[in-house]
Amino acid sequence: MSAEVAISLSGVTKRYAGAATVAVEPLDLDVERGHVVVLIGPSGCGKTTTLRMINRLIEPTAGTITIDGTDIRDRPVTELRRGIGYVIQQVGLFPHRTIAQNIATVPTLLGWDKRKVRDRVDELADLVGLDPELLRRYPSELSGGQQQRVGVARALAADPPVLLMDEPFGAVDPIVRARLQAELLALQARVHKTIVLVTHDIDEAIALGDRVAVLNVGGVLEQYAAPDDLLAAPVNDFVGQFLGHERSIKRLSLARVANLALDGGLVADVEAGIDAARAVLAKGHGAWLGLIEGGRFAGWVPVDEVEAAGSIAELEPEPAAAVVRADSTLREALEVILTSRSSTAVVVDEHGTFGGTVTLEAIREGLTR
Amino acid sequence: MTTAFREPHARSRRRWWWLALAVAGAAFAAWAKVRISHLDTSTQATNPIIRWEYLFKRPETRSELWTRTTEHLQLTVVPVALGLLISSMLAAIGLRFRWLLTPITLLSGFLYTIPSLALFGVLVTYTTNWTAAVVALTSYTLLILVRNIVAGIDGVPSAVTDAADGLGMGRVRRLISVELPLALPVILTGVRVATVTTVGLVGISSVIQLGGLGSLIFTGYNSSYPTKMVIGAGLSVLLAVALDLVLRLVERLTTPWARRRVGA
Amino acid sequence: MIALAWAARLAAAAPEADPTNALQWFQRRSLRTTSGPIPDQLWLTLWHSLAAVAIAVVIAVPLGLVLAHYRKAEALSGVVVNLGRVVPTTAIVGIAVLVSLRNGLGYEPWPIIVALVLLGLPPVFANTYTAIRGVDRDAVDAARAMGLTETRIMRSIELPLGLPVILTGIRVALVQLVATEAIGSYFGGEGLGAYIRQGFANDSIAQIQAGAILVAGLATACDLVLWLVMRPLTRRGSSPRARRGATIDVQPTTGAATT
Amino acid sequence: MKQRTWTRGLLALLAVLALLAGACSSKKSTSSSTTTASSSGTTAAGSGAKVRITSQDFNEQKTLAQVYGQYLKAQGFDVTIQRPIGTRKQIFAAIKGGTADLVPDYGGSAATELDKTGKPSPDQAKTEARLAAALKGSGMAASAAAPAQDINALTALTTWAQQNSVTTISDLKKVQDKVTIGGAPECANRPDCLQGYEGPVYGLKFKGFKAVSYGPPLVAGLKANTIQVAQYQTTAPEIASGEIVVLKDDKGLQGADPVVPIFSSKVSSPALIKALDTLSAKLTDADLAAWNKATDIDKSEPVDVAKKWLQDKGLI
């Protein structure tokens, strides 16, 4: 990943006239190109203010903000905003315009020709997974989730390098929200925008952010780190409390099985013969031995049967009850282990090739790393 | 949502209503046709309250009524149009400088409470009757129009204006292509109420000899001829209803987006 | 506007009888001997209007209350109210007078009061209906759940909660009727409108203006007095939200004093 | 649902409007002579000179305006018959101000309006002379007076007059405490009306004055006993029918009041005066009374009454 800085805030301060407190204390923050940076914090922490200062919907009292090294004040404000995608919680679609017209807002403002605009709208509908049939409708005829997709499409219309999202999924129900989050990640994997996203939902922050900035009241930046680092090592009580009591549980859904130091466990290859298998058993202890056949996991056999058997062919392995993929989260692995009778889950890749085993112990160690 | 809780048979019942209305209308039309064909100037001897022969047996009547109606229409449309122009400016000032909004509303509210007869009376002492009527009628439209324009613009969801700003629309463009279209239903409602109110008030402007349907009412009274009063009042109601419907049509045509809603 | 024009004339009070000097008209009783003394005309206008409002309230408030409570005649009430708004007041007054004359009942006070009642009904009814419809359904449901009879609900829940809006309707109606009473003078009625009519007939700008000032003044005074009298009533027992609602819900009829 | 209702309402309305429009357009060609009349007539006299005629707002006046208007139009003048104007003062102001040209007025009343000092006389020639003097320098002129005249008259219900044994205005003295006089609003300020009755001429003191629209409402007021006497006209149809009776003007408050066309000097021409004189000479008291019966009682339109009269006299 490149470390190139796309958006840089330095000493950015917002003080409202007549207000006793400062909305945003001098804040320094760098956002790397192609990253999703999540701003999170309690109400009044200035996260939305900070976001809105980036496209100058709010003017900072002091400090400078640069995008690609250029001070945002050096460009005409409307031109600046046309180059920054903007998505908000209430979506803010124009009710009097069709979906297609809504998506075409910025391209039209930029004076693209009609054909190009139309093509772009179709492309974006496809990109955000919007039925082309909906393009002729008005916003009021769409569901909340569909509207939010339109909001994202509208923000991406002129292909801006930077996207600002203010609680984009705050107004939709949890099921739709989870789906939209997944879609956003999939979309980001294709478009590689620099995204600044505000949320008050720590799970969303962890799920979406490459880096998470935790802000305290008054815009004080408490910690700015990758989600896993944040959960593993909150710098102070505020961040710790904000992350909640179940940090480890949260990390479970963040870390992947592949990240664990996978050991082979009590596994033997059928080709190697019964003696090799017994040698494996001698190295560790357990009640079951896993058998590999042709790179695939064949099943488990009880240890006493291995000891008693004359050859491997005599053994009748039981198929594995707990199987996880290497790209599964630890949370999924834990779930699989807890719901199966086995204390060990078998890790396979997408082709079913054996990759190792995971135990409760391994998961625990992974979290205390 | 509330509509969902209405009586389930509302629709079919309404259909019956229309049918009943159509039957009644047809019956009335048939009856009227027979009546009219039997009308004769000799019925004047019986001195009825309503003399239908004035309307149906005298060819000149219709063109005279048409003249009165167009006079009435002119005295309605001109003040409403002027009122809309002035209200737009007042509303623009009020929206730009919020502290001026209260005085503007108070002033237009004060104008609204002056009895029309009194206002006509005072204004004719300064200018021609026609101008006086137009000035008075215009001033009565201001309260409704200013209030609705401001309410319409204020009623635009903040999320929408925020999005417009965020997408890089300038102030003027935001007003023209986002706020005004969205405020249109409320503004047009104001125009509708103002128009209907003005139709009624024009009737009173006949005290300063400006014709219109009101003059039928006054003439009818002055010559103890209720037929003319009833016709004047009836046409006045019809004109108000017609203008109301026309403006509703305009509203529907200009705001197609407000009609279709997802069935929630 | 009027006040300004009038004030300008104050300065120019001439010794000679000046047909354009409204102040002089007020000062010299001799100038208005033929149109009746001001207190008489003021009183006529006031009692005609008050009587009409009282009758309209007695008819329209119970009717609106019951119809709104049972959610009956919704479309019909809308039509009636709107018709009341578009039927020219002159026609109602004029026809009432003609009917009265045909039946030998004379010019006043009955025809004008009947006409005023007809004109006062729509605003009072509309506001009562809106007010009762606007009462929180939950409050009514709760009352019903506690075993209150429908009559009791109307009397002790809906009526008090709807009172601010109903009172606004009554106030609006009175102001409207005072203004309309003036038009009655064109149909043989007496009252403050007589000054305006006489002024037109005799080309006396002063008298037209004086009449206009008197009518507008009485209308404004009625508005103010009722507002002051009703304020404690509207405060009591109603939430601030209900009071705000009073100005929004009945938008078409608040302040509609012009006739 | 709501949409549907609405659409139907609109369709119904459009249908009604279409019918009305159809009816109007088909009638228009036959009724162009009602208010405005262009110089379609070919006869030479008027040669298209523009004349705008106005009147006061009661039936006799409206009929007179139509009679003169339709006749002048037939004589080739470009005639517009305007809406009635409120008072005589406003009519003269309009003629002087150039927004109207001609009014069929009454000589005595017109003279009094222009010159308050003039003394009314029952003699027609003296009245004409008084009018001519009053018109001098006013920018207006009058043609010859018609034989027809409509004198202001104090009237009462015949039954009421009999019951109270009132035949003259002076007789009212004995019942004045229970007499309310009704009249047009301007009566209150006129020397030949309330100010004459209560002033030096008769010295009466009525119970009150009530302003009532001039015309049938006056008689209605008498019948309803709201007023006991009414300042009305000698040509009132109710007098001919015996319903009301004129109280004799025993002290000569009223003068002669013949019909006289008064017009702006700007439109004055020998052709106009000749046409006006021809017509005026044909008008009689009986004609005025007949017109008033046709309009006030039988509710015919002044325009129709005028047309019929002109045709009957062979004037158009």
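List of remarks:
We call the chains A, B, C and D, going by the order they appear; numbering starts again at 1 in every chain.
The rule we apply is simple: a contact is a pair of C-beta atoms (placed from the backbone, for glycine too) under 8 Å apart; a residue touches a chain by one contact, two chains touch by 3 or more.
Note that the structure is predicted; figures quoted are calculated from it, not measured.
Once chain B is left out, the chains joined by touching break up into A | C, D. The fewest steps needed to get from chain A to chain C, moving only between touching chains, is 2.
Here the chain at the heart of the shown protein, by mean C-alpha position, is B. Among the other chains, A has the CA centre that is most remote from the centre of chain D.
Chain pairs C-D and A-B differ in how many C-beta pairs are in contact, and the one with more is A-B. Centre-to-centre, using mean CA coordinates, chain A is 93 Å away from chain D. Averaging Cα coordinates per chain places chain B and chain D 36 Å apart. Between chain A and chain B, the centres computed from C-alpha atoms are 58 Å apart.
Multi-chain contact residues of chain C (touching two or more other chains): 98, 101, 186-187, 197, 200. Multi-chain contact residues of chain B (touching two or more other chains): 221, 224, 241.
Judged by the touch criterion defined above, the protein chains form a pattern that is neither an open path, a ring nor a star, and not fully connected either. Applying the touch definition to every pair of chains gives A-B, B-C, B-D, C-D. The part of chain D that touches chain C in the complex is made up of residues 86-87, 89-90, 184-186, 188-189, 194, 209-213, 217, 220-221, 223-226. Contacts from chain B toward chain D in the complex involve residues 10-11, 14, 18, 44, 51, 54, 58-64, 66-67, 209, 211, 215, 219, 221-225, 227, 241-242, 245, 248-249, 259. Within the complex formed with chain B, the chain A residues making contact are 55, 57, 77-84, 86, 88-97, 105-106, 109, 137-143, 151, 154-155, 164. Interface residues of chain B, counted against chain C in their complex, comprise 109, 112-119, 121-122, 124-126, 140, 143, 147, 193, 196-197, 199-201, 203-204, 206-208, 213-214, 217-218, 220-221, 224, 226, 229-230, 232-233, 236-237, 240-241. Against chain B, the residues of chain C that register as touching in their complex are 2, 5, 20, 83, 85-92, 94-95, 97-98, 101, 175, 178-179, 182-183, 186-187, 193, 196-197, 199-200, 205, 208-209, 211-213, 215-216, 219-220, 223, 251-252, 255-259.
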